[in-house]
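Multiple structures follow.
Next come two complexes, and both contain chain A; in the first it sits with chain B, in the second with chain C.
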Partner chain A sequence: MSADHTRDPCPIVILNDFGGAFAMGAIGGCVWHGIKGFRNSPYGERSYGALSAIKARAPVVGGNFGVWGGLFSTFDCAVKAVRKREDPWNAVIAGFFVGGALAIRGGWKHTRNSAITCACLLGVFEGVGMMMQRLQAQPTMAPQYPEEPVQLAA
Partner chain B sequence: MYLSKVLASAVVRTSAVRAVAASKRPALFMRNTVAWYSSKSDNTTKKDEQPPQSILTEDLLARAGFEDPDQAKAEAQGGIEGEGKSTDEAKRPRKRKRAQSSKDRQRERYANLFYLSTFVGGIAGLGYMSRDWDSEKEQEEMDGKDIGNGYTPGLMYERMSKRLGSLFTFFSEPAFENLLPPPPPEAYRRPLTLVLTLDDLLVHSSWDTQHGWRTAKRPGLDYFLGYLSQYYEIVVFATNSQMFSEKTVGKLDPYHAYISYALFREACRYKDGKLIKDLSLLNRDLGKTVIIDVDEDAVSLQPENGIVVEKWDGKADDYLISMIPFLEYLATQPVKDVRPILKTFTDKSKIVDEFAERERKLREQWNKDHKHSNQPNAGNFLAKLMGMPTALTKEPKMPLDIIREHGQLQYEHFQKYLRENAHKFLEEEQKLKDEFGKVTLNKLITEGAPSPEEIAKVQAERAKEEANKQK
Partner chain C sequence: MSWLFGKSSSSQTDDASLKQTLGFDPKEVTDVHAMIQSPNLYTASQLHPLAGLEKGVEYLDLEDEKLNAVEGSQGIIPSRSWSDDLCYGTGAVYLLGLGLGGAYGLQEGVKNIPANAPPKLKLNTVLNHITKRGPFLGNSAGVLALTYNLIDSSIDAIRDKHDDYNSVAAGALAGALFKSSAGVKPMFYASALMALGAGAWCGIKRAFNSNTEPQALV
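Let's turn to the complex of A and B:
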């Protein structure tokens, strides 16, 4: 069974990931396009410009993020099911496929390049994550024993 | 998309439309517009050569306002590109390949430069890795004793692969050299060390749509840990990482009375897709260590120490309880090395039945040997006659039962002690948590997180104070 109990097991986690990524993109898109719309509007219409930019663009950003997250999760589950292992290479392989799948309309050259880029990116993420985990793991400490043993069961 | 491309190419054809488009273009595309004019002059000279075209569609298109930025860009790119060969382009505008601006070409050049330098750098790095050993020490660390110096392809490759591999072992080796602190002082030492895996042996996690994740304790777990902790130094060695399993272990043993240490995935060795629990790093005598695991791979380095049992599927069973007699027997025998004993069990997953069978035989033997002691004999009769208690002549107990009784007594004693002092333990822990739990961001940055050494120091001071008070 999966190790991480904060996440659902495989087929369902795709839905979670899609939703999470969509929300992340939509919120981030609100901030980004809010500022952009504000700056690109003439004085007097800045708040309106910001709002309309958010309305027009933020859902798109959310959708893009959501597609990436959902696709990544799908590939991650597929790779797990095929390899029957849980290690960082799953994410790297899934990243490779996601990068490729999203770029496939740009021709095979573009597909290859973005697949490799995406895999490298995921590899760096996983590597840093593992390093953090190892650095945070603390060695077990010996308990302090009193000089004279206390007879507990006397 | 296709339609807009088509439209763009159609608009490119007439310069009149271009002029309109250019004048309407926003300032943002000024640079492009400039490029336009240069191309326009080029176009005007050759305008006469072009065959007359129906202006209806283009004109209409222009008026309809097909001048979105994309299109403008496409036009501009077409303009730059088509500077010298606009007639050529006019003839077959649709066959034109994707427009490529100078920016695009520059980007491509940089990309190629990047790929090339990556490739060359990689080759150079591999070459550097295949150099001679820097020192004897390095050779030893990479365990390449049989790989000598010298620049033959074979040796170079071997050295390179060793060095390359050592870059990745950082992630696959256990995080610590010694997984456990040295054994406790003699007075506190228990005869053996018992290493237990967590998931599917002690607990089982399941997921369903109604409840999400739930983790169940195996029946008899508390008794198992409580009873065996008097014979064994119990170490829980979980397969999952500390982040996920630490809390579970904490819940199994809230008073820290049973489980001496907990180890996690960070302490495992990862090799060929297998998580291996390397007992030789435990800092304990391997002859006095038993590991119970549900995965064959986990004990693959020391199979002679391991008892591999079936995974628990979460249904009620009494397997843990049924394991106790064997483990108890193992710990109470004066053995130097448990491995030969474990070896006598051919199928370790059926160790419980096997041991029960052996015990039954032993008991039979015992009963046979001590049968007559219960028979009425002369001495017996005399004692009765003299009014002596008959307890002396009762059927003698088998040593196993005596051990069992003693263990049970001690267990109950300890449970009583725990019950009486439980609140004290919890209070102490709460105090520690209050002190070290409140880590502000400022403190974390300026002083760093409290290290286990610091916590242990405070704990020791507390214990000393407590002891002084009692005196």
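Let's turn to the complex of A and C:
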């Protein structure tokens, strides 16, 4: 059987995820802050407002997405290397570490809460992903047998 | 007692089964030369009948690992498509910017540590400087790389091939777009700098590729 060739092997995939998440965040941030800046500007300055909002905020959104995605990929690889298996729990554990690492400057309580929240979120994502996978898979239908004629009692 | 002393030399092993396992009849073989020349020994179906070797290479098997088909697009690491180039390029440049900015912020923070402050405050000062410089440089570099890669891939798709001119042009356009709202002069400077950077990157790529596989230079 062929392996999953849509993703690269582990150490280098971190770079890919960093870039992918950054690109997603930056492009999504352009749309989001473009609309927001457009709506929040007075008439006559709307396009300028949209442009300056994009310039100021879209890279930041991209950076936040990128750091999250890159850290997640790093932790995912680390967890894979330690556990030596691939299952949905990897993502949950990696999410726990990411949430903790990103909130570590806010103090012990904040770190703990953020880690647990992030792990739960990733757990939900994984669960939804598995459900979608099961939905998209070929459903195994029971064959329809013709109904047997009822045996008449003698 | 055969289990203890072994069987007496029984020559009952029928020749047919021996021929089946060896692929040749040992009675006919007198020396290696005759063995090699015996027919049907090295036919693919004889060697491994289940592998289906007589069918030749099955191209269906190779479909999964298809690489980027644009001419001259193979860089340092194999890439499948423009989105791979985009992700790797952006990620690498972003990380580089983040690291450089972080290092600059680190030395700035170390220089600005307040005298006789508690260690927590000292650490916070340094971290604040790092997180001020690192993400800023990283974000700017990342956006530049993102724009560059998008334009580069677009030009590749239009021209249907990739070469150094594409890269330099994409760099110039990306730099101009990046500074397009700051006026003509900064725009020109950014464009020239980015074109230079793209040219340098092409040089690095060429040097690397000629080191590893000299015949694959495009």
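Basically, the second predicted complex is superposed on the first by the 135 of 154 C-alpha atoms of A that agree within 3 Å, B and C clash if a C-alpha of one lies under 4 Å from a C-alpha of the other, contacts with A are read in each partner's own complex, and residues count from 1 in each chain.
We adopt the following convention: a contact is a pair of C-beta atoms (placed from the backbone, for glycine too) under 8 Å apart; a residue touches a chain by one contact, two chains touch by 3 or more.
If you're wondering where the values come from, they're calculated on a predicted model, not measured in any experiment.
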### Query
Does chain B (first) or chain C (second) touch A:Pro9, or do both, or does neither?
first
### Query
Between chain B (first) and chain C (second), which, if any, makes contact with A:Met141: first, second, both or neither?
first
### Query
Between chain B (first) and chain C (second), which, if any, makes contact with A:Ala26: first, second, both or neither?
second
### Task
Tell me which partner A:Lys55 touches in the superposition: chain B (first), chain C (second), both or neither.
second
### Query
Just chain B (first), just chain C (second), both, or neither: which does A:Gly123 touch?
neither
### Message
Under the contact rule defined above, give the chain A residues that sit at the interface with chain B and also at the interface with chain C.
### Response
2, 5, 12
### Message
Could you list, by residue number, the parts of chain B that touch chain A in their complex?
### Response
171, 175-176, 178-182, 184-185, 187-188, 199, 205-207, 209, 212-213, 215, 239-244, 260-267, 270, 273, 410, 413-414, 417, 451-453, 455-456, 459-460, 463, 467
### Query
Any idea which chain A residues touch chain B in the complex?
1-5, 8-9, 12, 83, 85, 87-88, 127, 130-131, 133-134, 136-146, 149, 152-153
#### Entry: Residues on chain A engaged by chain C in the complex (per definition of touch)
2, 5, 12, 14-20, 22-23, 26-27, 51, 55, 58-60, 62-63, 66-67, 70, 105
### Query
Across the complex, what residues on chain C touch chain A?
61, 64-65, 77, 83-84, 86-92, 94-95, 127, 135, 138-140, 142-143, 145-146, 181
